Amino acid sequence: MKLGQAVRPLTDRLGGTRFARVTANKIFPRHWSFVLGEVALYSFLVLVATGIYLTFFFVPSDSEVVYDGLYGPLVGTSVSEAYASTMRLSFEARAGLLIRQTHHWAALLFIGSIMVHMARVYFTGAFRRPRELNWIIGMTLLLLATGMGFTGYSLPGDLLSGTGLRIAYSVAESIPLAGPWLTFLIFGGEWPVAGFTSRLYALHIIVLPVVILGLLTAHLMILWRQKHTHMTGAGAREHNIIGERLWPAYAMKAGGLALLVSGGLFLLGGLVQINPVWLYGPYDPASVSIASQPDWYIGFLEGSLRLWPGWQFDIFGVRIAALFWSGVVLPGLMFTILYAVPYLHRRFTGDDEIHHLAQRPRQAPGRTAAGAAAIAFYLVLVVAGGQDVLAAHFSISVDRLRSILRVLVFVAPLVTGLVAYRLCRNLADGASHPERNPVGNVLARTEDGRYVAVHPSNADPTAAAADHASADRHPADDGGSGPPAVDADAPVGGP
Amino acid sequence: MNESGVGSDGERPDRRRREEPDQHDQERADFEAAIRAASLSPRDVRRLDNGDGSSQLLAIGEAPRGRPGLVALLLVLAAASAVGFAVVYVLGGQHQLQGVLLGGSLALIGVALVAWSKRLLPETLSLETRPPLDEGNHDALDDDLARSELDVRGRRMLLRLLAGAGAAVAAAIAFPLRSLGPDPDGALEHTSWRPGRRLVTAEGAPVHEDDIPMDGALTVYPEAHTDAADSQVMLVRVPGELLSAATVAGGVVDGRVAYSKVCSHAGCPVGQFRVDHRSPDTSYQLLCPCHQSLFDVLEGCRVLAGPAATPLPQLPLATDDDGYLIATDDFPSPVGPSYWNEP
Amino acid sequence: MSALPHLLAIASSIALTAGITMIPLVAGHAATPAQERPVPDGAELYGTTCASCHAPDGRGTPDGPSLLDEGPAAVDWVLRTGRMPLSSPGVQAVARSEPRFDSAQIDAIISHLQSLGMEGPGIPTVDLSGADVVRGGEIFRRNCASCHQSVAQGGAVNGGRDAPDLQGVDALTIAEVLKVGPGVMPNFSELDDTEVADVSAWVIQVGQEPDDRGGAGIGHIGPIAEGLALLLVIAIGVLGLARWIGDRTTDMVASEPIEVAPAGGSHAGAVSVEEPRSWAARLGSRLVALAAVVAVVMDWVKTRRSR
């Protein structure tokens, strides 16, 4: 029986064949960078599936219990019920630890692939009109995913995550005019707050996922409506789209990718230990470990907190704490700038045209340089988030490392931006790909056996690449080599 | 397989896109270029009707030479791996093996699907012209929405009242949010330390002045309040003659000095006590392991380096008649991170 | 033809990787403990190896502090853990290494120092039987983890000094340092013998043999190692998959057709046209990248372990 007939009972009643046809015929660009967003989507599916399983075991309660599970070195310790249930699902539920670790890895990959996807969109200019709205939804998804990550990481009530929550509490406290009041509303009282885990839980398993799901749907529907951008290439124009139809080849690849992503995550979950809360021990407000880092996506905030100097002053009797700048203003500013990227781009380039053809990074050196500088800035902050571990590893003073990083946080973006700008200019001038079109002279043999030099950009890519072979074979013939001039007739050497 | 690409039925003509012959010429030229660039040697190029009045060009490449054997093998392995997972689970479970088998089975099907697509299906390329995103019809929309006899916009007063009522309800339902937490009401300003309260360890044992060795550090709480996180104190003992006069005035017992263990930066426990008693580098410092704020124990825990802005508050100490350490008062200033109306 | 340099690059990078991983092994064997001598002479050992910095009378020189207040526990600790003697005189970072002396020689040196008038905490004894690991963990987390990390992997204290990781450290060493508070470490002699035994038991059982039921421990320092692992997964796994599944060529061709030099005339018969980079070269460069990353990670793990 053919598929069309198989779904007949449904289409009789609901229709939808036109939709199914349009869907099956939807053209997906073939370039590899377009699957990065899909990786985020599949990580999210893994998160939902494994997360549901975990909810069947986890108890979101801060009430104190005496641990009496299978992990000997903690038996008899007073822990929160959340911690005890995390231990139970890790030690006593068969495959529970696998699901938990896979869930955590999936969270890391979810946010990582969102960022890589975001970088792709930024550097190819795919956020330009008409896709500003999807950029903004995507940014919101990144924020929500970060919130998901932080709330999830904080649930087990172990020493590491408790320390992180305490810092979040302090950051909220630092907000001028509203701080303490707002903090008490959010957390429910003075630190440590019994009962906050159930709030985190509600946020983590209902509020944030539902909003993410809604925005994800909107993100995809807008994509469906506007169609993908596509990369520059022969025949690719602003007004068309070239690629592969969804059915069957692309659907198969996408399905394969989904399974590969989830398979890879389970492999990680099985082979690489993540967040071993039994080793960290339960949270205790008076205990703390050196090398206390948040998960990597909060690392920039941690770095900001560590690098920002202890400036504190009063404005009209309102104390502005250092933590407010490093914990609220700086990340707020970073995200505001990211949100405003489509607007800023329009402002600086005056370009308000509709674009469907993605740009190569070199085609917009200024934008690429700004993006590279932003990444450098972000990376310095992430590195600063681990400054104690770095200092221990290289046996240098934390103070000295902090000073270096404080300089680097300004210098690195500047240098990276300038280098990126120069690189884009060079590449644009060369009109070639550095990997595939090596710079140099192309030697070609004429019919009468002489060799002539051809400018690389003047030869087709495959012929251009032949230069090494010919140059290697006839080193003596290369002679003075000279400037790469287009000089088709001048003989460079003879047999 | 409609060669013309234009739908024949005339319903909802405004949603139809007229495809002009020049558009087809342009599409063909672009498509040929794309096919060449993709090194595709098509055995079939055709125009397909999308069903909504638009059309796509589809090129199907040579029949692939791949054999289904590899895909079949991968699928068999995937199934075997899945069965293996079940077996391991039933036999008592082994974490790593379960991860490898479950992840492996998923990944193997994934590889099989991608290989199927890449090796067993002919390569294809499609091109279509993007429909304009703006469909027009703005006037018709306005007309539909604003038939004068049905227009609600005339009811200015009612509309204002509706907005007002909505705002009132929105404000009203914000009130329950207030129940989420108590008023801080000075809770951040005070700790559980009171004049005369003994220093006790986490286990509740009172701390005698001889209980702390030279260069030693001890986390202590107010007696009967060992669960008060804001009252945790780092009690350290240093050579008394090194302490600054102001520190001594803050209440020390012969080199025994106590500071709040809650960092003035972000509230982490300031757990690192760093002792260097070899002159000339003699230093006694407290360091916060979270963000590496460095405090000078000898000078009232003033900030030496790092992101903290204010010193750690010092707890004034004395001894009672039995030689046990007691606090003579609460901290002189609020502990923990700064906030806007901190006294 | 063009694959040859790539193959060379692969070979050399593999050799380099192997070399980097071998260094710690070779270095570890460089210093072997001296052969046992029947009757160690404390005065002679002290005179030849310690006196140049700590002075013949033990009162210290600008190069080394007085030993007369250190006590047997401290001297035993620095000698048994190979922190002393230093390889050359002068003020420098002191780190764990292969011990130079056996226990009889150390005892002889301590006796000699006591004859010079050294006083201070004696060498403790630890009885691990009946030690409470759970209580040890609580003490460790509250007092030790802020420098030595919650899984005893070590960490930075300021001034370029490290709180070392506690891998391979025995109970006696732990008891000695708690009593002495060496270097920048505070003194924990307020802990009684059972508490010391509890902490030692925890360090040996949990800190040194962490329960890695979840897979590779990747350093037991939490999110930093996990983040680096994710970076690897994205750089190799995700991008590799994307490039396998997606197309790699369309972006390499400009939108506007490239003017190609006419094939006829004097250009006819270009020499040996081949693929710009063969699959072998591409695989090779990826292997090089992988090898480099693995080398860095291995080196990192090894240095953390050996410290």
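Residue numbering begins at 1 within each chain, and the chains themselves are lettered A, B and C in the order written.
Convention: a residue touches a chain if its C-beta (ideal position, glycine included) is under 8 Å from a C-beta of that chain, and two chains touch if they have at least 3 such contacts.
Keep in mind the model is a prediction, meaning the values are calculated, not measured.
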Where the centre means the average of the CA atoms, what chain is farthest from subunit B?
-> C
The chain pair with the larger count of contacting C-beta pairs, comparing A-C against B-C, is A-C
Computed distance of Cα centres, subunit B from subunit A, in Å | 12
The distance between the C-alpha centres of subunit B and subunit C, rounded to whole Å, is 31
For subunit A, jot down the residues that touch at least 2 other chains.
-> 30, 97, 101, 233-234, 236-237, 242, 253, 256-257, 260-261, 264, 268-271, 286-292, 388, 398-399
Which residues belonging to subunit B are in contact with no fewer than two other chains?
-> 33-34, 37-38, 95-96, 99, 114, 202, 219, 269, 271-272, 289, 292, 294, 305
Two or more other chains in contact with one residue: find those residues in subunit C.
-> 142, 145-147, 155-156, 158-159, 213-215, 245, 247, 250, 253, 257
Mind listing the subunit A positions that touch subunit C in their complex?
-> 30-36, 39, 71-77, 90-91, 97, 101, 105, 108-109, 112-113, 116, 159-160, 231-234, 236-237, 242, 253, 256-257, 260-261, 264, 268-276, 278-281, 284, 286-296, 299, 357, 360, 386, 388-389, 391-393, 395-400, 431, 433, 435-437, 443-447, 450, 452, 454, 457-463, 465-466, 468-470, 472-473, 488-489
Where on subunit C is subunit B touching in the complex?
-> 65, 142-143, 145-147, 155-159, 161, 181, 184-190, 213-215, 244-245, 247, 249-250, 253, 257
Spell out the residues on subunit C that touch subunit A in their complex, using ranges where they run on.
-> 1-2, 93, 133-134, 137-138, 141-142, 145-151, 153-156, 158-160, 162-163, 202, 205-206, 210-218, 220-224, 226-227, 229-231, 233-234, 237-239, 241-243, 245-248, 250-255, 257-261, 266-277, 300, 303-304
Mind pulling up the subunit A residues that touch subunit B in the complex?
-> 18, 21-22, 25, 27, 30, 94-95, 97-98, 101-102, 130, 163, 166-167, 169-171, 173-177, 179-181, 183-192, 225-227, 233-237, 239-245, 248-250, 252-253, 255-271, 285-292, 302, 305-312, 318-323, 326-327, 354, 356, 387-388, 398-399, 402
Which residues of subunit B touch subunit A in the complex?
-> 27, 29-38, 48, 50-52, 56, 58, 89, 92-93, 95-100, 102-118, 121, 123-130, 133, 177-178, 180-184, 187-188, 202, 219, 229-230, 232, 261, 265-269, 271-272, 289-294, 303, 305-310, 336-342
